[in-house]
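Please go over the structures that come below.
Two complexes, one shared chain (chain A), two partners (chain B, chain C).
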Partner chain A sequence: MSRPLLAVSGLTKRYRRGGKSIAAVDDVSFDIEPGETLALAGPSGSGKSTIARLLLRLIESDAGRIEFEGGDFLSLSGAALRARRARLQMVFQDPLAAFNPRATVARVLDDPLRIHGIATRSERPRRIAALLDRVGLSADLAGRAIHEISGGQRQRIAIARAIATKPSLIVLDEAVSALDVSVRRQILQLLLDLQREERIAYLFISHDLGVISAIAHRVVILDAGRVAESGNARAVIGAPQSTIGKALVTAAPKLNRTSTQGAADRQ
Partner chain B sequence: MTALLSIRDLTVSYRRDGAEVAALKHVNLDVAAGERLAIIGESGSGKSTLALATAGLLPASSRIDGCLDWFLPSSPSVGAKAPPSEGGVKERQPSEFITRSTHTPLGGRDIGFVFQDPSASLDPVMSVGEQIAEVAHTHLRLTWPQSYAWAKTLLERVRLSDPDAALRAYPHQLSGGQKQRVAIAAAIAAGPKLLIADEATSALDTIVQAEIVALIRQLVAEDGMTLLFVSHDIALATELAERIAVFRHGELVELGPTAQIIAGPRHAYTRALLDAHLGLDAEPMPQPAGASR
Partner chain C sequence: MNPLRRFLRAPEAIAGAIILVALFAIALSASLFFPGDPQAIAGPALLPPFQDWSLPLGTDRLGRDVLAELFHGARTSLVVGLAAAAAAIAVGAIVGTLAGFTGGLVDEVLMRITDAFQTVPSFLLALAFVSVVGPSLGVVVAAIALGAWTGPARVARAEVLSIRERDFVAGARVIGMHPLEIAFREVLPNALPPVLALSSVIVAAAILTEAALSFLGLGDPNRMTWGGMIAEGRAVLRAAPFLSIIPGVALVLTVLGVYLAGEGVVETTAVRRSLS
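== the complex of A and B ==
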């Protein structure tokens, strides 16, 4: 087994609420291998999104270690942190909220290329066209404003921006949850194609166990900030051991092919 | 089948960038009294427009053609609708329904509406108790003390763990699921004939979603309400609805009993929606070679 791309150990984040200290993330440990998809699942408030923010160092942890690409990620600062951050990208649930809605597509993709010094000014239009092509969009879209394009196109732009800096890991925080089901499948396929071709690892945060079993290799199920169980995604979802794992599986909407009432009255 | 609502040739257009855009096109649909009907579709299918049109909540700038014929009790007597003091289940007589009434339904009294985002539909600076009591006071003509007592009964019915505390709470003090329970309590406070839930569970996590769906099913059964369940999630719809109407680009493409829609969809789009559902037993999508499994 190769050295993990990301090794999280003992990660802890506490908040104070009403004078009490609440652990949003409580002693959480997991690894991600290069080119692997690890899913984080759990109900609202289980700590999924807090872990994403801790990984990106949008907030600072109270305890624990994060090793990324073989180095201590939490001790980085300044230029070293910015350089390493190019290798760790994020795609949010709602790209309309993540982008300036009046920015053009070209502007959104120009930023990472410029900020991380990936391409010169004269090279950038060609690089932007290549990124659009990479995510299955026409180069003609470059001049359009973010608010003018569809939700599926916007999420493709978010993925294009994320891969612009050639990351080894992308955190996908409910990245397909707001999409129509037909669009969702296309975006998932795009993510899988990118993973196969570029060996990008994903931390796939989702409450949707169906999506997780379709694309993730392993899953970590969280409950109240702690790891409730983890393992091969289809094995865990097929036979959950933890209370919360069982509750999530029971609650997942199922196409009930036998009768309209079979799944009723579970309370 | 006793119809509650008959929708005939309904076309709704909005003005957008100076042009008329049809959100619904020539829709014909009968809603039976007491049935649970799911309205399914993706973005831009017109499903929410149908819900809003049914509730009379379309913006004034929209253009509406066609008609909605309601078959409601001719003169809802106010006293008869008053809640029982001990919050029991009300008996409903089929004879209550008469044919072809000119009585126009009133939002809040005849139609209860639950929106996707309870943070947006509840008033942030009004206590939960007052918001529910206001519905009872307005539509049932109860006194304020009676209205508050009724609000407490409703909070018990939607199974909030501490109804007394919830009465005095403000929406921001509640979780998303608790807020949606409050929104449901307000929606059913006046004993509506029709409950419309428009993506009412879409913003909730899976576990809370299942609880809210179970609650809606129970309340609809106990009160004999008709349910319009608007959702993008066809699997969720099959768990709740007796019939499913599939919308696409403003048109009703398929309508049928849930079992038939699942087992033998006639329209290619319905099949595509069913195929796009990723269940727990979903086949893994093509995986990158060499990754650990």
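== the complex of A and C ==
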């Protein structure tokens, strides 16, 4: 078996609250293979988003190792870390908050191309048009301000920005949760298409088991910062073993009928 | 609604704007109407206003044309006011952004320096600075900015502290942007509106400080200033009060105009921000 794309072991993050130390993420380990989708599920406060931010080095961990593409990701700093970030991207939950409110679509997509020296200044407009086309948007959108376009379009722009640097792994932190149901389905389809064509791995963070069973190969269920159970997504969601897994599955059908339908459509 | 129209609905904002436009017109046309040296003797000394229509506001103790002095003095007031405020806001915004964005030791050091500047009365600071370096226009601007940048620095820092926690800053880090580029290209422009709201107060204060320095004889000696005119008129306050009253009224009107127009701009942009 080849080495995993991402290997997380013993990841721990503590916060101090009122003099007491609380572990938001407690000894969490998991692997992601190239081209695979791993879902992180769990109720609010279970540490899902903290793990995303730890992986992207937006916050620093207290203990544990992160190996990414065969190298120690936690030992990187400064320019080396910034260069490595090209391979590990993130899409945020709220597509409006994720962009500078003064930015235009063109500027948002120009930044990664410029920073990582992917295209020369004269080539960039063409590359931006190609990226927009790649996520199913018209190239005319480039001149528009971020706040002028719709939520679904914004999340497509966020995905375009994430794939601009040709990453091997994209962390999707509740990336479809803020979208309405029909748009959500289109974005999930776009993500599946991109994965099939470019072999991008996803770490898909969601509290929505319907969406997870539609997109993920494997799932890790978290409870209070610890791994409660993990395994094949369909198997775990079909017959959860842990208490929290059972609770999530029981809560899911009432809330997510339409998204589970989306999963059924593609089978 | 269009911000310009909202601005024009407020009567005090219009009054402020009219005063400012008139002031700019006076400052820009000074060398057109009064091409000569305003410090040259133009007629008999201490001619009262409205006596001789070639010297409508009369002459001072040395026989200089008061209207010419007033026009050229408007130039100095505006240049010093705008330049000092621009310098204070630029320095304050940069210091505040660096302190707020970097945090830790850099923040501590920068904010203690800010505290140190804030505890010294700004006029005293300007006075000391000009006395040591010597009076010239650039030094006066620097001296006033020296006491005025702390306000913008504090406001910018507070704003940056809240902006740096937002997702788009995390997004900029994720795509590998350099921290300095994040601070000055992503964060600073979004922190500017409340800092710029201070500008009218700073411009008005700078004009007053310049006048006070000139009154004490610490203005640029080669330039006509309103503060200098008042100081000059003080010697003959009983015999020719108009020599102090005319530049005094000009000063009051200017500060009022800057303040009213600035408030008008802040009001209109504040409404627009709360609507969006």
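What we mean here is this: the second predicted complex is superposed on the first by the 253 of 267 C-alpha atoms of A that agree within 3 Å, B and C clash if a C-alpha of one lies under 4 Å from a C-alpha of the other, contacts with A are read in each partner's own complex, and residues count from 1 in each chain.
Everything below uses one rule, namely that contacts are C-beta pairs under 8 Å (C-beta built on N, C-alpha and C of every residue); 3 or more make two chains touch, one makes a residue touch a chain.
In this text the structure is predicted, and so the values were computed from the model without any measurement.
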item	value
Contacts of A:116 with chain B and chain C, given as first, second, both or neither	second
Partner chain in contact with A:154 - chain B first, chain C second, else both or neither	neither
Which of chain B and chain C A:210 touches, first, second, both or neither	first
First (chain B), second (chain C), both or neither touched by A:188	first
Which superposed partner A:13 touches (first chain B, second chain C, both, neither)	neither
More chain A residues in contact [chain B versus chain C]	B
Which of chain B and chain C A:36 touches, first, second, both or neither	first
Partner chain(s) touched by A:134 [first = chain B, second = chain C, both, neither]	neither
Doubly contacted residues of chain A, that is, touched by chain B and again by chain C	none
Parts of chain B lying in touch with chain A, wherever the complex brings them together	42-43, 175-176, 204-211, 214, 217-218, 232-236, 238-242, 257-259, 262-263, 272-274, 276-293
Contact footprint of chain C on chain A as seen in their complex	53, 56, 58, 82-83, 85-86, 89-90, 92, 94, 97-102, 111-112, 115-116, 161, 164-165
In the complex, chain A residues that touch chain B	1, 33, 35-37, 43-45, 151, 180-185, 188-189, 192, 195-196, 199, 207-211, 213-215, 217-218, 232, 234, 237-238, 247-257, 259-260, 263-267
In the complex, chain C residues that touch chain A	166-168, 170-178, 186, 189-190
